[in-house]
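Report on one structure; see the data block that follows.
Letters A, B and C mark the chains in the order given here, with residues in each chain numbered from 1 onward.
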Amino acid sequence: MTRASAEVLLRNIRPLGGAVTDVLLTAGVIAEIGSKLEVSGDAEVLDGGGAILLPAFVDLHTHLREPGREDAETVESGSAAGALGGYGCLHAMANTDPVADTAEIVEQVARLGRHAGLVDVRPVGAVSKGLAGEQLAEIGNMARSAAAVRIFSDDGHCVSDARLMRRALEYLKPFDGVLAQHAQDPRLADSSCCAHEGEISGKLGLPGWPAVAEESIIARDVMLTEHTGSRLHVCHVSTAGSVEVIRWAKSRGIQVTAEVTPHHLLLTCDLLAGYDPVYKVNPPLRPAEDVAALRAGLADGTIDAVATDHAPHAAHDKDHAFGDAAFGMLGLQTALGVVVEAMVNTDLLDWAGLADRMSIRPARIGRVGEHGRPIAVGEPANLTLVDPDASWLVDPDQLASLSRNTPFAGRILPARVLATFLRGRTTSRDGRIVTPDRQVLV
Amino acid sequence: MPAQSNSRPSSRHITTSPSDSGDSKTVLHADDVARVLDRIAHQILEKTRGGADVVLLGIPTRGAYLADRLAARIRAFGSVEVGLGMLDVTLHRDDLRTQGVRPLGKTVEPVGGIDGKLVILVDDVLFSGRTVRAALDALNDLGRPRSVQLAVLVDRGHRELPIRADYVGKNLPTAREEQVKVSLSEIDDEDSVYIATKSEPRSESGQPE
Amino acid sequence: MSRNLLSAADLSAAEAQTILDSAEQMYAIQSRQVKKLPTLRGRTVVNLFFEDSTRTRSSFEIAGKWLSADVINISAKGSSVSKGESLRDTALTVAAMGVDALVVRHATSGAVQRITEWVDCSVVNAGDGTHEHPTQALLDAFSLRRRIGDLAGRHVVIVGDLTHSRVARSNVLLLHTLGADVTLVAPPTLMPAGVASWNCATSWDLDATLSGEVNGAVDAVMMLRVQRERMSGGYFPTEREYAISYGLNPRRLKLLPKDASILHPGPMNRGLEISSAAADGDRSIVLDQVKSGVAVRMSVLYHLLAGVDQPAPALEEVSP
């Protein structure tokens, strides 16, 4: 393991895919941008050879599994996967054990993140106590805590009770919070529903998860958001109808944002034909028409962000029949490659657009001030350097996650993260983690 | 799923005429086959004292046709109606593991059963003796005959079990790697018996026994 | 030869006919005094049932025993998920005992296919969730063939809870392979998603279908069991309304041609999907279906197991 230098000079790189230049990172910020910059002898110099410099990615939706399922992932292993995937900030979902529904839990997760020191770990707080959907979690305490929680979500469960949803939207307004909704009407799609309702679910005899179970909740929620004047974020949008509803809501001025996962941008539900639970995810993979609509929605900005829904699972939670296996896929290390394949190589987004959807807008939604900033002198040096021409084979055994459940195993993905920087310090370089000087875990 | 393997020929099988084949030698022509069956029918009548209590059980596929023909001849020569049935031995074979699964032939119990009867098993080629052994086992499941005899069109030698035929149409000394093929007009083009030295996609009643 | 039977779609027309033809011989053996055949002597068949099913398990058990296989029943109900054991561990543990075939019943669709990824022995699907039940379809076809002859060009109507029926899925696939025309009849709530892509016609109207107005004259009608708990799911209002709308009651029997056959995979809800007049009448072949079940399963076990020497199970994959 190499140690990070205080000063890093990036030569021959292209900020947001623009003209070739050099960038000097000093004392955690971008100190200088220009051609043929000079540095003192002990600076780390990295010749990018035309690689693209982007603001480090911000994930709005990561399951780090700690506390509770440290066999599947820890804050540290998930942080490493993030740093290797080009991420500078992860939002750790609340469905841990115990649930992140108090200030104590979110502060503990934040502390573990600081200790790992590879990405900024921003805890997400639960909307309802124990994710039970019955009474509000301690939203205010979590917001005012050292973890400064701004995103609240019962992800994994839908806040399906309209009254609780309304109250939550109202209650989090003083904290500048946003409610990230897992849109799944539990009466239309209960927890047994695991395949897109349509030809594939009928053929395979799997309980169908109809698109309308997502769309009807989003339609209700945007109206509640308008009524309360609050802020709504829609997690993992998966259907063409959902994109339409969100597009309409935005045109009406409702404060709604939305995310799409990389896997919903690339994979379709016909992959379920072999009953391999590596393709079991919630919401389920959808048909090609939905994938096309999601790509179009992300391209035109109706969908604001790519969020991984990185969901590690131990092998023994996937070694079941499809219906009995756990929902979820790894995402942090494959997100860039998948988005490049689905959006950049198809000319739906350019590199600046990719930076907008993977860093700038997610940072704004999560109110993460230091991330998603312009690449300009004086800005925090939270950056990632990407080789757009490289391609790589996804080998589950080579991923930093403690789990192996990637649906992209064996695929060749485009673009590769060369290095990631957090406040000027190198966190990953050439596919390896650069270990930070450890802070004392308080 | 089921075997399309190196199975017994089916009735849909298209016969390659022996004359088409370079390395084959016809040993019985149609008229020879007819004479041989005449003789066996007479021998059965003689040896069984007029065919009383006789039941012919043909082993599918070709043994069953031979049994039909013998029954007709016995009726003609001796004015006696012998019992007639079919005995598929596939499920009793000891070579399924090595030779592969094959579709089952028919078993038809003769009217009046086989208990106390003189059963004559009829097959086309006697080779290792394993088919006959399987037939003796299969017979056990149908009943208890007074005694059991064996009639074959061709005995080609190379026995692997202590089994001999009571009625033999033709003794045919062969090399082990040769194949004895029986054609019968009921399912093939014509009646004939010939020896082939190489494998052909066709009836080979002497194998796999 | 494939060594597994997971789906009716695994069978070509020729393969299906071969299995049915062999079953014909097995059926004849069933009427003999001595029913035991030596064919599978030394082979071990394990009925691995994650879900109770006395009839299917007994049918496979008798079939295996009449072919002289050693048949062992393992009830794995409630093992797997609830006890924390993965399906993989359960399957490997059983297969490691030196088994030649696993006959598997599981409440979850696709579970049986999943098991084939981990074990080396033959695997027969004895019903997986709401997916398939291929030996049931084979025995239905067998019974029907005995009654009305070759199924090519014949018209079979399947009525009932099609969404949740593994019997319906396997039957649509197999009957299509055998050249029959199939019409599915159910209320819209019990029609499978995407049924338009299946090789069959569909109708909501049983009277019109039985009268031949939908897809021509009917040669056979198969009534599926309707689970009473479907009412709470909002699939249909009451038993009364279901029986009136979709039950094979005496009035509807008159719409059915005199020579048409009536099938039911059992167990029957008399008075709900089928009336006693239909179940016990001349046109019913319900009991013959049960008898055929043994013959068909003997044939399946014979074709899967008798031929090929099985490789030893992969012991090294099983942790102590």
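Just so we're on the same page, a residue touches a chain if its C-beta (ideal position, glycine included) is under 8 Å from a C-beta of that chain, and two chains touch if they have at least 3 such contacts.
From a predicted model like this one, the values you see are computed outputs, not experimental measurements.
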{"item": "Chain closest to the middle, measuring from C-alpha centroids that were averaged per chain", "value": "C"}
{"item": "Most distant chain from chain A, judged by the mean position of its C-alpha atoms", "value": "B"}
{"item": "Chain centre separation (chain A, chain C; CA means) in Å", "value": "45"}
{"item": "Averaged-CA centre spacing for the pair chain C and chain B, given as whole angstrom", "value": "38"}
{"item": "Averaged-CA centre spacing for the pair chain B and chain A, given as whole angstrom", "value": "75"}
{"item": "Chain C-touching residues of chain A, taken from the complex the two chains share", "value": "197-208, 274-275, 316-317, 319-324"}
{"item": "Residues of chain C defined as touching chain A within the complex", "value": "80-81, 86-89, 106, 108-111, 113-114, 128-132, 163, 166, 169, 192-195, 197-198"}
{"item": "Parts of chain B lying in touch with chain C, wherever the complex brings them together", "value": "1-5, 88, 91-92, 96-98, 100-101, 103-107, 137, 140-142"}
{"item": "Complex contact set, residues of chain C against chain B", "value": "1-2, 5, 10-11, 14-15, 18-19, 21-22, 25-26, 28-29, 32, 34, 36-39, 67, 302-304, 306-309"}
